[in-house]
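There are structures below to look over.
Shared chain: subunit A. Partners: subunit B in the first complex, subunit C in the second.
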Partner chain A sequence: MVDGGLWSFEWLVDGYPFDEDYAPAAFLIAQGEKTWLAPLLVPLALPLLVVRRPKSDPLFARILILSGALGFGWLIAQGFGIGIRGFTFDWLKALFGEPRIRQFGMGYGAMFSATAFLFLLTQGIAARGAINGDVFVVSAIGGVIAIVTTFVFFPIANMLFAAFVTEDGSYSLTVFAAKFFDDRLWGLGCLWGARCGAAWNSLFLAVIVGFVTTILGLCFALVVTRSGFRYKRAVRALTVLPIITPPFVIGLALILLFGLSGSVTVFLADLFGVQPTRWLYGMPGILIAQTLAFTPIAFLVLIGVVEGVSPSMEEAAQTLRASRWQTFRTVSLPLMRPGLANAFLLGFIESMADFGNPLVLGGNFDVLSTEIFFAIVGAQYDQGRAAVLAMVLLFFTLSAFYAQRAWLGRKSYTTVTGKGDAGVHPLMPTGLSMPVTTIALVWAFFTAVVYGMIVYGSVVELWGVNNSLTFKHYVTAFSVRFEEEGIRWTGAAWDSFWTTITIAAIAAPLTAAVGLVTAYLLTRQNFAGKNAFEFGTMLSFAIPGTVIGVSYILAFNVPPIEITGTGVILVVSFIFRNLPVGVRAGIASMSQLDKSLDESSLTLGANSWQTFRRVILPLLRPAILAALVYSFVRAMTAISAVIFLVSARYDMATSYIIGRVENNDYGLAIAYSTTLIFVMLAAVGLLQVLVGRVQIGRRS
Partner chain B sequence: MSEPTISSKAAPVRFEGVSKVFGKDVVAVDAIDLHVDAGKLVTLLGPSGCGKTTTLRMIAGLEMASSGRIFIGDRDVTTLPATDRDVTMVFQSYALFPHMTVLENVRYGLTFSGFGKEEARSRAQAGLDLVGLKGFGGRLPSELSGGQQQRVAVARALVLEPQVLLFDEPLSNLDAKLRRQVREDIRAIQQDLGLTVVYVTHDQEEALAVSDEIVVMRNAAIAQKGTPRELYDAPNDTFVADFIGEANLLACIIVAVEGDMAVIEIEGYRYRLPGRSLPAGPATLAVRPSRIRFGDDTGIPATISKATYVGVRMEYTLTGAFGQVFAVQDDVDDPLEPGTEVRMTFAERGPVLLPGG
Partner chain C sequence: MKKIKATIASSMVLFAASAGASYADSLTLYCSAQEDWCQLMARSFEDATGIDVDMTRKSSGETFAQIRAESSNPKGDVWWGGTGDPHLQAAEEGLTMEYMSPMRDQLHDWAISQAESAGNKTIGIYSGALGYGYNTDLAAANNLPEPSCWKDLLKPEYKGHVQMANPNSSGTAYTTLASMVQIFGEDEGFEFMKGLHKNINQYTKSGSAPIKAAARGENTIGIVFMHDAVKQAVAGFPIKVVAPCEGTGYEIGSMSIIDGARNEDEAKQFYDWALSAEAQNLALQVNAFQVPSNTGAQTSDSAPDMSTIKLIDYDFKKYGSSDERKRLLRKWDEEVSVLPQ
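For the complex of A and B:
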């Protein structure tokens, strides 16, 4: 039923309810068609038996659990039991005979009944006394588990299976082994001049990027907190950059500078009379681009850590006759160590998952994320290979993610207690201050040049060939005509622009809602399996976008959930890609709210839903706003998962730009990117203004 | 329509063998029986970690009993969550909602209790009047002083006319002078309205001042319950004696039992006091600092090892063969110097015999 997109209701007029493709199950069963849906009626009717019974009656709970579990189970069973070509399993054919029609994607009907069954189940569990019989909390847990399972675990599991599928559709270990031990994946040729496998390339690159971004991030953090540098606010503004920049834009700017016809390249070539080379394409280019892109992330992490080292510790060291340099080396630096590790792992994960820059700058340097893409869209079209590559990539990022949590989770040295620390951070020792400030300034200057290049490049006719200034690219992309019927959006980019805005705008509130409910459950409620629950919801942070993309097209291209090619799949992928952002924002601000606020609301007669709505939510307004804007902006800049999921009808800005780049139409691509950056800058700026205004007297 | 006034629907609270176990084996409350009469103020008193706050939270329904039954009035509320119990609570941190004005805070619970908008408003207003905060309704909690915030929290809990009102260390965030006044206010409101109040504190002086009855808890169990006077004058054991007010514990020998009275001996000094049906033999004598006298010619030999002037009285530490005792004397004009040899005796009433030697 989603064939025409979830927003299309043409099935309502197109023969509903009697045409057999569209008809609701009730009609079909009455006509003796699709009898496998009939058993669903039983659990649907079951709860009617207990409508009048009190909640405390054990029968009430039992019936609800029974009907919920039965209905939900049957829905899933029939969803998978009947494939696109009839029954999936032979014994089902024997039982029901060969069906005349195939399974269609599940639509609203199935969605509503699944939801209904789920909440019948949770009502029942609550009535049995779980979590003090709190229906809202049990339902929220059930709901989050159900959607995370459906849209994170199911596709990933599906993808893992795809790695074992042979060409004729059966499962085999040898196929997996053949693809897994492929030379293109693990080859070590680069040690003697040939090419290395993508896995080694990715790993090598990620380690270097993690290392370099950590050092640069630390330099910036030290300059901001422990130097007499005057323009600290400008340096802090750096942190906004990665949020508003589509990932491949840095790559584009680097091409303008150092590419074959880049300004620096041409300038140097003229100066020394050497032939320009393509050195940028490959490892060096990706390394520079990723370092530029992810240094601000490391900075963001490290500034918290560096500021978190209590000044009184350092003052204590100084009163114990340690010099500034000794204090830094023996106290400050060791206290920052967990933060450094954290920044390294973040850089590592980001580099592994980055898709845009390798795509633009990769050349012959294969990395996992782009190899996955080419395995799916290239001439080789090999789902199994894509799945294997995705597994390797997932293994790397999950290991880093796990290491980060296991090792650093309990090892926070953050020493600020909130009171009594009136001290001031000592300045860096001079011997350190000079090089650190120099490095930071040079890199900041470089970043500024790169961003300047983006803006400048968007108004140049044809880079390197015709350097005259023009607004031609903006006109091509964003021209409008005013006609009698109103405005006509004639520019080439408008379609994808509005689609992007719409999809991002739909996804943002959903992301924020799911994220906040999850955060509420994690911070405010205790239930069995809470740790697994938390791990599951934060997991999607470590799953690279390309992996999500591949697993989604593998999982949702066929019934029961058939949403590939629709706008829905984009919205869904954004929700689960950005969920950790919402969850983190929620957790961070919810843990600032004293639990006695909830409790006093409960003792005053409000139930947990009313408490959530009237006490927690109003106090979280800044967090909600932030989650909204960030998930909106991230949805606009995302590329890695999106590029697998877009369709002609639902093209996104980023994938459109990548398409332009592949056609060597850099002018339009850069003009479009510049526009996106400014749109998002506006969004973030608006957030600053709004949050600044929401003044709430927190508990002091 | 007459102005609404706040009345009381006070009900008794009963615990029958209630236990609370956290996780697998952390016993916070161990099979306690407790009865709180309607209209009484009962204090749960004990050192931190003794289970008093958990007990309070079980009355509120914020913690569920692991076993046993809890009654409020005639109703078994053991499995009822906080929302559905007719109990309100004043939190240690006040827990005022920072995004609502004072009036909205006080009105909050009323809107869930089926009152109309106007009714809820006038009731909330009456609540604020009662705690002396007339005219503060439009302010935010952050614009009030600590004591005022405290009173808003009390008003918010009072206006619901709960069957039981709970206080969780309500004075611990106030400065010493304010404490005395607020506790008197709380006691006055409780007595005027005839509320059932359960009050948690670890401050024994506060407990003595406000309570109809005190329940002293230790290690998840009830050590003793009784009126403040009973606990102070007749503690059951050394723990209660030492916890309620300060007590000097001295080893003694019961040398004779004469009906209700017993005669004890410490280093040759004999003293007569109620025997509390203890047999002859070794026992412990608990003596409050203010019940120690010196200056007689007879008594237990002791040396003054420390003398401190604290304004209203003198505080002395005495050492001797019995160990060390702490004594206070009202006579500040002729203080004794450290090193002075004295003879220690006890006041006619006050010292209590406890079992154990």
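For the complex of A and C:
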């Protein structure tokens, strides 16, 4: 059903309810077809027995739990057990023989039935007194667990098992060992002139990128908060740019500047009379591109922390006759530790997972993320190797995560106490201020030049060969014709452009909603398994997009959930890729809201859903805005997962751009990217107006 | 209580289960040629037959991976274009189906022999010879002699100037490796690859990337299919195309119908149409300089003249089989790629 387009409803007129493929289960069972669906009627009817009983009756809870669990379990079991070619497991065939039965993917009916069973189950659990009998909270937990299991754990586990599969389809540890202890992965050849393994390359690169972006981010944060520098707003604006830049574009601009025939390279080579080299390709190029792309992320993390250090602590130090330099080194800097650790972690993970820049600039420097891609699409098609590489990558990112926690330890970094906290941040010591400002300015200038190149590249005929100015790339991509029937979108890029906008617009609010509900559960409720729950929701952030893309194809191309080739799979992948950011934003702002607000609402007789909707949600507008903007922008610029999931009908802008780059059609690729940058700027502005900028102050 | 009743009632009403899909005259085309060619083929077929075409363009490696991932529930109907090896491999694994087109008597022999080596599960639609191209500006700036043979590329002056794709990830580069083994014999062929390794500045991931880099001035010599090099020259880049003097291998771009295709009839209709001279002439409109497989189709004037190129008798059956492929690639990995440069 999804196959024909989830929104098309063609099935309603096309033979419904008698055509076997579309018919609802009730009709089928009545006709004696698809009888394996019949047992579902029992748990559906069961709750009718207890409708008249009070909630406190133990039988009420027991019946609901029983019917919910039975129905949900049977639905899943039959979904996996009977596939498109009959029974999927050999023992089922042995048990029942091989009848001619088959079924396609689940549709709306199954989706609603599953939801109904799930909520029967959670209502039963709530009725037994879990979490004070709060139906909303139990249902929300059940719902989030169900979707995270379906769309994160199930596909990832499915994919990682491939590491143990031998060529004839059985499982074996030796296969895993052979692929794991591979020289291409762990070789140390670079120490004597050959090449190193991808694992070392990735690790080395990610550590350097983590340090460099943290230091640059800190410089920017210090310049903006603690210096007399005049154009702070410009610095802030500049740092937002890379976030809304489609991948590849920075890499392309770098090639046009520093490549073998790049303008800067040629200019310098002529000036000094040396031979130009291909120094950019490999580690240096990736490092520069990733630093350009991820410094703003470090800046955004650090600015909050640097501003958050309470001026009264610094004033206290200065009153005790510490010099400015001592104050900075012994008070301000240590208090910024959580920010520094977070910034480093983000830089590290982003560098590990980055796909676009190594693809364009990698040269012979192999990293894990591209190796995973080519293990699958390359001529070797080795899914097991991809799974092993994905495990190594996951191991690195999760270790970094735990190392960060250990380093921060259990010290308290709280400085915002709610007590009188007036005061102004002291300026940086002069000895520090000079180099910091210089570094920040040089890097800001460099960023500006790179972006200038991007715009310039989109309006020249053929870069490097024919530099005459032209708008032809924009015309090819975005021309329209006005005819009698209305506007005709004749440009080559319109198809993918509208698909991208639509998908991003559908995914963004859903991401924000799931993220905020999850954040609410994590900050406001206590339940068993909360840590595992948190880990599950954060997992998809640490997994690179290529892995997600492949695992989605493998998991969702076959019944019971058959959504490849549709727009739904793109929306789903975006929701779960960007969920962690929604969760983090929600947690951050919710922990600022005092719990007494909830309590007073509950005391006044509201239930937890009303409290969430009427009290917490309105106070969360900044977090909602952040989650919306981030997921919208990421949905428009993501590439690594998308490249596996696009289809003829649903092509995304980024995959279209890659196609152009592959075709050496840089002009069109850059023109399209430039347009996307402006569209995203506009969208971010629009969202800000729509959601509104409320001042959340206790007094105004 | 009300809520419970509502939940039960709605779940009863909505208890609808599986639904499949039916299409009215449509075709899902996986295309592995260049984007504009794919578009043109899809739209022209729509115009010719009125059948709706959903086209996805991906490289032949990506498409092969996708067809394999989807094998238990195929989404595509026909796979058009891309180098022949993955088509042969798909045939070997039973991912594609046998079909004898009535158009076969109009085709060149090489197209038919491609079909026969795969049990008629694939067929040749175009062919292109392997060779290399170089950036004349860069060659002049570095005072490099003009190369004309494969062995010329081993000269020390070309150190750091040659680019080819990684045979592990690219069909083009695997064709290069297999061609060298066939031209020089296995031992001398691998000696050639080792010598070449010293001059290579980068093994790219994608097959045509070396000549694109050469076109943009990021590399001097790129080992690619000659029609890819011609395309860059026609686009206005300073590229000169070379047909190596020792002779060279070639690829046969292929087409296959995916086993279990949902629109099998439409797929066969497309298959027959794509083998016609009229459909193959479309290549001229998009600067595709491959040689068409229909004897009646025209070849572009800019295309490399196949009659002047010394083609070897490339053994597609042997070198397209996955065992031989794995053996050669492992040998290349162990003996060539690990050498210091």
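What we mean here is this: the second predicted complex is superposed on the first by the 630 of 700 C-alpha atoms of A that agree within 3 Å, B and C clash if a C-alpha of one lies under 4 Å from a C-alpha of the other, contacts with A are read in each partner's own complex, and residues count from 1 in each chain.
Here is the rule we use: a residue touches a chain if its C-beta (ideal position, glycine included) is under 8 Å from a C-beta of that chain, and two chains touch if they have at least 3 such contacts.
Please read these numbers as outputs of a predicted model, since none were measured by experiment.
J.: Check whether A:Leu687 is in contact with subunit B, with subunit C, with both or with neither, and answer first, second, both or neither.
T.: neither
J.: By the touch definition at the top of the document, which applies to A:Asn664: first (subunit B), second (subunit C), both, or neither?
T.: Second partner only, subunit C.
J.: Look at A:Asn557 in the shared chain and tell me whether it touches subunit B only, subunit C only, both, or neither; answer first, second, both or neither.
T.: second
J.: Considering only touches as defined above, state whether A:Met283 meets subunit B (first), subunit C (second), both or neither.
T.: neither
J.: Could you tell me if A:Ile145 is touching subunit B, subunit C, both of them or neither one (first, second, both, neither)?
T.: Neither partner.
J.: Just checking: does A:Ala163 make contact with subunit B only, subunit C only, both, or neither of them? Give me first, second, both or neither.
T.: Neither subunit B nor subunit C is touched by A:Ala163.
J.: With both structures placed on chain A, which of the two partners, subunit B or subunit C, ends up touching more residues of subunit A?
T.: Between subunit B and subunit C, C touches the greater number of residues in subunit A.
J.: Considering only touches as defined above, state whether A:Asn364 meets subunit B (first), subunit C (second), both or neither.
T.: second
J.: Considering the complex alone, what residue numbers of subunit A touch subunit C?
T.: Checking each residue of subunit A against subunit C gives 1, 3-4, 11, 14, 21-26, 28, 34, 37, 40-41, 44, 47-48, 51, 83-85, 103-110, 112-113, 116-117, 119-120, 123, 135, 183-184, 187, 189, 192-195, 255, 259-261, 275, 278, 281, 359, 363-364, 370, 374, 376-381, 462-466, 550, 553-554, 557-559, 562, 564-565, 644, 646-649, 651, 659-660, 662-664, 666.
J.: Could you list, by residue number, the parts of subunit A that touch subunit B in their complex?
T.: Going through subunit A, the ones touching subunit B are 56, 129, 132-134, 594, 596-597, 599-608, 610, 614-615, 618-619, 696-700.
J.: Write out the stretch or stretches of subunit B touching subunit A in their complex.
T.: 60-62, 64, 79, 81-83, 85, 87-89, 91-93, 95, 97-99, 108-109, 112-113, 140-143, 153, 156-157, 160, 166
J.: Hey, which residues of subunit C end up touching subunit A in the complex?
T.: 1, 3-5, 7-8, 10-12, 14-23, 28-29, 34-35, 54-57, 59, 61-62, 64-66, 68-70, 72-73, 75, 85-86, 138, 142, 160, 167-171, 174, 201-203, 205-206, 208, 212, 215-219, 232, 235-238, 325, 329, 333, 337-341
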